[in-house]
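Right after this note come the structures.
Shared between the two complexes below is subunit A, which has subunit B as its partner in the first and subunit C in the second.
After this line comes the complex of A and B, so read on.
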């Protein structure tokens, strides 16, 4: 009796979070699948069950939905492929740079590179919209002063992608740097001492000690950066409006358009669910690939 | 000697990189004190030729401007603070109970919470919109606060802390006749303050900076947050008024940078603790 009463009061501690968790996470998960099986017009109360029709339309090459989805997916993939390697390697590069500075300066530079991460994507996008303005933006002003032609950064290719990737790097690379700094500091110092006795160069140290030691963190950064890049929305929405043409119209923009401009929540939900599944599959592949190369190079580790 | 040259070179390199990171922010503040005409005329003045505060007075105080910028700021701060308080409190209770108390189904609950950290949020935002729509709560503070409280990140972060928290203090309080609630509020919470600050800063930044969700879930000018409001101004009446736009982005940025600088240590602790272990 006493233990039953005790576990009842213990359950009360979990209850408030549990209610939020169920209401705003579990219910939406189930409800989203339910919506995706319906023709769900936001303005109409008649929402007939259509089964897998929304999903079939997604994969029917002739449908509008399919072109919206796959063009968005392709543009999102491009952004992922351009941004993730830079986010990872520049993040690592900044971490190495900060760690090579005299100890009393490290904190300042770490803060300088990390500050943009604290700012909202809408502010970031508008600041870069201004810096990259064709006629009066700071960057073109300098180009013109140096005798170059102004570049239409946001309205032509490949500059639109370059601009979006640059703004994104500036915004979030500091986050990856923080993770790498922590990882570098946890590499056991005696590994370097041992290799110093062997007369190894800094580059050899980096390849044979640093990289294998931070390998799990590297994988973590690759996966989190990939997920973050998949979720891109604010930068193209505000900086290029999806243009030039539809070339930077990313998948999330397509989903929002289908849901709130076309008001078709059923097909938009199907798009969102397939997008999430693709993200999960990509993460699993990255994890598996990394693990299998780890086994092959297992003698490097430790 | 060679080492000294190397250090000077590295500090120089780091400083150039720092300029790249800080210059856009400096340019934003600088533009916000220029007239729209000076801004658009395309100079390279890092400081305004004619220093003016008209962008701030116009965006914050003008009757002519029919959008309530101060209200947006209030909405963002109110949602950020309220949401953060709720998150920190309910997450701390849940995490403590799961780490220490005899909660029924404990072995199922914790993995269930944590596994949702891997679910891409894109799945939930359309049905959440529909739920709030069904309840007639779109365009209210409810949409700006409650969806964020379901995130399992805080439970995960605090669970790790409470699990390694020494049991002796709780046992001593128990022997003194304190009940669970008293032990939690008087003994456990005070010692968890640093980690709760970490969660608090994370939560506040997430809510304050969020963009897509408040953009779709609010619609009236009075219920916009500052981050969505400025985006709407950029696409609307301020489309090329960069002086005024930069005043708006500066207003949105200053509070969050201050909070970031104050809470940076806690933030870094949170990133490294949950990311890696």
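After this line comes the complex of A and C, so read on.
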């Protein structure tokens, strides 16, 4: 009786989240799968069921959809590969730096690094557009004054990727830093005391105590950063317009174009779902790789 | 402490009321005081400084009579067609009247979403009351689907101070290619990082490029096919590339909006953009002039334009249509407020009036009505022309050869047209 009552109360506590989860995630997701099996023109009331046709078109190399999808996917992959390692290691580096500051300053710097995260992407894009403008931007102005040639930051490769990754880092690295700071504070102090008695160096402390202790958090940061990077849209859309040519036209730009400019919700949904599947697979791989190294690490310790 | 506990629910409740009131505000608040007439909802994408001007017209109309009550609802430009599409898709919450860009009409007309206005126009709405080009851009396959509000062609802007410094008459902008190139060279001073005409590599090429192609006597789309490799198209691209590489009047590697930034900073002497930019020039305090686009092409005068039109969804009843035509007739005769937003209304009663002719930018836009050319009337033109604008981008950034780039674009456009 008592347990039934308490389980009822706990169910009530879950309810608000559950309702939100259903309305804003599960229902749209299922609806998206449903749409992807139809030829769904937004303006047409005739929406014939076409089965897997939208998916087959994605993998037919002659179709327009397939080039839109795979070129976008490749550009997105490039961004993920460039940004995720930097997001993780810079986040960790900043966390270590801020944590080693005197307690009085720590709070200030934590805030400074975190503030950009609370700004919207359009503002970030405008700030960086003005900084990076080839002909009138602040950075090139200084470069020219120091006797260098101006750099076309947003209109040629590889600078366009460098600029987009830099803007993204500035924008979001503070979030990873906060998570790492918390993780670092959770590491039991007596481990460091013990290693100090053994005469370990700071580097040895970091490798043998800090890193293994924050491993679960590290995995969390890697996976969330990867997912966030897959979802890149605003920075290239606003900073390079997908250029030069279409070399920074990422997958989400293609999906949004297909959905709301071509009004083809069916094929756009199919693209979105394949993209989600790819993200899930990548996350699982990351999880497995991390777990297997953990086991190996554990064996090694024994 | 107990006092604060008591206050909390009240605070929450009032917050909720506030939120709910804000949500429903769109319905009750916007109409500008109900006059008890039959309610007609109007959707418009005017979230800029043009919004209050449209509201002024609507409010004056509602005050002028008691039969109909127009309820103006503004949806931000970036969300506008998404909102329209989703309303069409859900087959509910459709407005009785919408403002729609001329180049968008074909997609909706082909899906039978819009009412054919052939019967109404000529009956209650007079054809003669508007510029003929306004009708042209609201027509698909000979059938009329919209009543024009304005036509917005590409405009030519120049910095008068820079003209004076270069020894040019600040009141006489160039009118043809020779003058344009000659002035641009005089206005360029690379030591001061100042340029005659900064060539955009992205938007607003979608207005500039078709303008030069038409001036070259060409078309981007004809006989059911893209014409990206035709001589007038190649020439238009080569001309812009020459401005950067041969005449040296533009910097290379211009990024998104780079030419706008330089114009506002007084380092770009001549600039092509839409009439909607006027407010930005006013705010920046530069001493600018505005005129019709010079003939940069080799054959004829022409200018690319788009337009705003009033359209009526298919489902709207005849009684409401009567109210709508009444409102449209009123707008055609009382459109001066819309001109104050910087646009040139397509109604003759407005653009031929003395008050209008005394304005700075608006009559310069109206002068170009006769030469206006519009987006090709083909569905998914955005998708078909996308490879062309990628090609223009790469060529003007010096990353691809003119001919190769246009041939690739043509190939991609052909695939998309199939």
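Some observations on this one:
To be clear about the criterion, the second predicted complex is superposed on the first by the 272 of 302 C-alpha atoms of A that agree within 3 Å, B and C clash if a C-alpha of one lies under 4 Å from a C-alpha of the other, contacts with A are read in each partner's own complex, and residues count from 1 in each chain.
Everything below uses one rule, namely that contacts are C-beta pairs under 8 Å (C-beta built on N, C-alpha and C of every residue); 3 or more make two chains touch, one makes a residue touch a chain.
Nothing here was measured: the structure is a model prediction, and the numbers come from that model.
In the three-chain model built by superposing on subunit A, subunit B clashes with subunit C. After overlaying the two complexes on the shared chain, residue contacts for A:152 are found with subunit C alone; subunit B is out of touch. After overlaying the two complexes on the shared chain, residue contacts for A:287 are found with neither subunit B nor subunit C.
Look at A:70: by the touch rule set out above, it reaches neither subunit B nor subunit C. By the touch criterion defined above, A:41 reaches subunit C but does not reach subunit B.
When the two structures are aligned on the shared chain, A:192 is found in touch with neither subunit B nor subunit C. By the touch criterion stated above, A:133 is placed in contact with subunit B and with subunit C alike. In the superposed three-chain model, the partner touching more residues of subunit A is B, compared with the other of subunit B and subunit C. Shared-chain residue A:98: touches subunit B; no touch with subunit C. Once the two complexes are overlaid on the shared chain, A:231 sits against subunit B while remaining clear of subunit C. Of the two partner chains placed by the overlay, subunit B and subunit C both lie in contact with A:260. Overlaying the two complexes on chain A leaves one subunit C stretch of 7-15, 97-105, 205-213 or 259-267 clashing with subunit B, which is 259-267.
The contact surfaces that subunit B and subunit C form on subunit A in the two complexes overlap at residues 129-130, 133, 135-136, 238, 260, 265. Interface of subunit C with subunit A (complex): residues 81-82, 85-86, 88-89, 91, 107-108, 111, 113, 193, 198, 201-203, 251-258, 261-262, 265, 267, 380, 382-383, 390-391, 393-394, 397, 399-400, 415-416.
Across the complex, subunit B meets subunit A through its residues 7, 10-11, 13-14, 17-18, 20-22, 24-25, 27-28, 31, 39-44, 89-91, 93-94, 96-98, 101-104, 109, 113, 116, 118-131, 146-147, 149-152, 155, 180-181, 184, 205, 208-212, 216, 227-228, 230-231, 234-235, 242, 245-246, 249, 252-253, 256-257, 259-261, 264, 268, 271-272, 275-276. Those residues of subunit A lying in contact with subunit B across their complex are 3, 6-7, 9-11, 13-14, 16-18, 20-21, 23-25, 27-29, 31-32, 34-35, 94, 97-98, 100-102, 105, 109, 111-116, 118-123, 125-131, 133, 135-138, 141-142, 145, 170, 174-175, 178-179, 182-183, 216-217, 220, 224, 227, 230-231, 233-234, 238, 252, 255-256, 259-260, 265, 268-269, 272-273, 275-276, 279-280, 283. Within the complex, the subunit A residues that touch subunit C are 41-45, 62, 64, 129-130, 132-136, 150, 152-156, 238-246, 257, 260-263, 265.
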